[in-house]
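As written, the chains take the letters A, B and C, and residue 1 is the first residue of each chain.
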């Protein structure tokens, strides 16, 4: 038995209000406001009067399988968000996050699919480990988990991992990355770029020249000079990106650049695209919002790899995202336990959480500033990452159009509400958000994975049981 | 004044008060009876994560001359080296009732964390953190400069004065030097004109925003800036190797030829110029024995002044009430 | 300061500092008398060293030194200095941080000589206790005596003055204020209600 959801007065991609019905795992109806078919048509066993008599924004009576949500001509309907860059930490660091807690946080943030990075313990460098992560994700049931395979064994940068085996496994890996480490050996990088062509894979490069960043703690510049933290030059990122786009062009492969953070990185990608190189790039929410000035507090919640950059860099990545040079916003969600952040900056771990705040940051920095439409948001947070990860096809597909017959992977957002970020109140198992105490616009009201609600009323519901739980009846 | 973390936090009035108080402390240290009862019953913890016997002894002497109880807590032989976190150590010191924590740490910002993370409520004195700051070193340098170049060798008549118009050259490994960072801010605040002299590899990216001049040539600086004081920074020999964090200059000989202070360069300095070094010195690398032992070298006196400056810092941090509003704006 | 606390300027009918109890000529006469009493007590002034306690004890000590030099040829007019007691106070923790003042001991030192401590107002005696400790660290005088321009009573320690300009009965809540030309532009001693924050020791050592 599945629940039918009637979404009245919602704005697909931020456009004109419409009624949308999700039923049988698909988008069953899209039409003008007030035209949504009676529940009886969607659910033969239902009483036609139930949904009709229920007040706006309320659910039907307990025990029925029809739920109405009143969008008030205000809520924005987006294709379910897809994260190309998530650290779920399991196996190995279950004290920071598990597949269950991380995917639940993803659902709360409006995601229906995440790509789980390979730097687990053991490393996701074999078919066995990627299948384990994939199964954990499937059993958790919050989002589709697509494991990323390591490019090299143990992220060691010396020997290629069994990329083909991972691609052929049940996890059907298509994205390969040593994220956290750079594939800095140019020969290895070339081989990886070439090899994954056989199964339409992509190498996602963590661009960090290792020698230029030995011991580096933060962006090299005015602030690092003053606070005395070892500098991380922008050129350490840019030189690798420049090399890789030239390699990708030479061997005719596609390349994805992870968490691009500097103005010249944007320029290099723009140049490469103009030459027809098949390169895509992502930026994180934190690089869209924060600068290295934050390091003056020595608060290690602002320590991240790549480091927060300057105001000019933030402006450049916003511009690059708006003009399409940057294809994707990816969270680089990197949970860490308290003890790895509540310490000296140099001793602290790199990374920050992001799944539950990504959409809000994009709204604040790109939509509310008039640089992007909600359709653009759907592009950078859903369609493009789904396409790059090759999960945009078929009945299970993500990042699909909001049309009848498409899989009901959708997210409902209220852009008119705001909330104050509190790390300890988030769904993720770790509290290391750099946005603590910040008020951000945009609240994810509901998330649907193949027609099943994973979030309702802003709260994760159901989960591994595969059905909507008792919080279903909350007022929206 | 609640903490002493960085000279960048010191307004000019604060800095002058510290120097004036240090002058009074120095006067008491000329007496037969050097001990003062001022901080009786207060506990000062020396928390040293880096070996620095000189700095620790200086702080210890200062605290004891003011009758404070001193607890030395060094990384060696303590739980610190077994991986106890800075937070747990701070909570321990809090439980022990420390009134002030003097902290030396290899991580920039560690004193800032101790002061502001809410782990303990003691006053925090930064005794050197990573490549960031070493404020009492800069204060003792400024004190020494004021005594010699304003007071003509004595503190009498220097009360309330700054270093306006004086020219100071700081020579050497600025990139890795907390002493240089502390001095640039403090000397600038006190009105002195600072020139940093180093090979470009040993200057941080971003130095152009600092309130000082930058030169790549010591000879040129001596000719053109005619510094009243020359401060030589320690250069670590591993900086010239090609390994991690190395390859900053080709050889000790080349460094010494271009940036070392020997008798020839000393002779070209103004007659009144003083020679300074925070120690420990690499004789024969950044400074020759002639220059180090020259009558115009005040290097040994810097050590003595360190005690007076640290007494002044401890006094100003600990002697007043915690609750009563400070007479001046807090640091 | 509570809202009900009146500021001095709120009572225009009175001298904002209260009633004047000593005017300039009274102060001059008192100092001259004290100078004579010092020579009398010490059978001359050959070994006398005057040490003023900052802030206003210092100009008072200088004025006494001038008078001693005028009446007593054995007195060395250079035998006057100042003794800062800040670092010996027992109430440092009760106040905001005090600036440390200078201690200047005359060239001959104090060993074996008679030190006369000079202060403006003698009140609880705690400043003098601190001064005795400070003096102890400077040297070992043969004897220590105390001269105060005003003794207002309310002693908290077994201390008394050897030479007093004026005994002034007061209540604890009153504030005695000594003003001197050198520091304040005029010579006067006034008494008024203490409008400063409660809990501070008025008149003695405060406000520097």
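Keep in mind that, in the parts below, contacts are C-beta pairs under 8 Å (C-beta built on N, C-alpha and C of every residue); 3 or more make two chains touch, one makes a residue touch a chain.
Keep in mind it's a predicted model, so treat the numbers as computed, not measured.
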Chain whose Cα centroid lies nearest the overall Cα centroid: B
Remotest chain, subunit C as reference, centres from CA atoms: A
Inter-centroid spacing, subunit B versus subunit A (mean Cα positions, whole Å): 48
Inter-centroid spacing, subunit C versus subunit B (mean Cα positions, whole Å): 39
Where subunit A and subunit C are represented by their mean Cα positions, the distance between them in whole Å: 76
Junction residues of subunit C - those touching two or more other chains: none
Complex interface listing, subunit B residues touching subunit C: 1, 17, 20-21, 24-25, 27-28, 31, 33, 35-38, 66, 159, 312, 315-316, 319-321, 324-327
Subunit B-facing residues of subunit A, complex: 214-215, 217, 220-231, 233, 297-298, 339, 342-347
Residue numbers on subunit C that touch subunit B, as the complex places them: 84, 87-88, 92-103, 133, 136-138
Residues of subunit B touching subunit A in the complex: 8, 85-87, 105-110, 112-113, 117, 129-133, 178, 181, 204-207, 209-210, 244-245
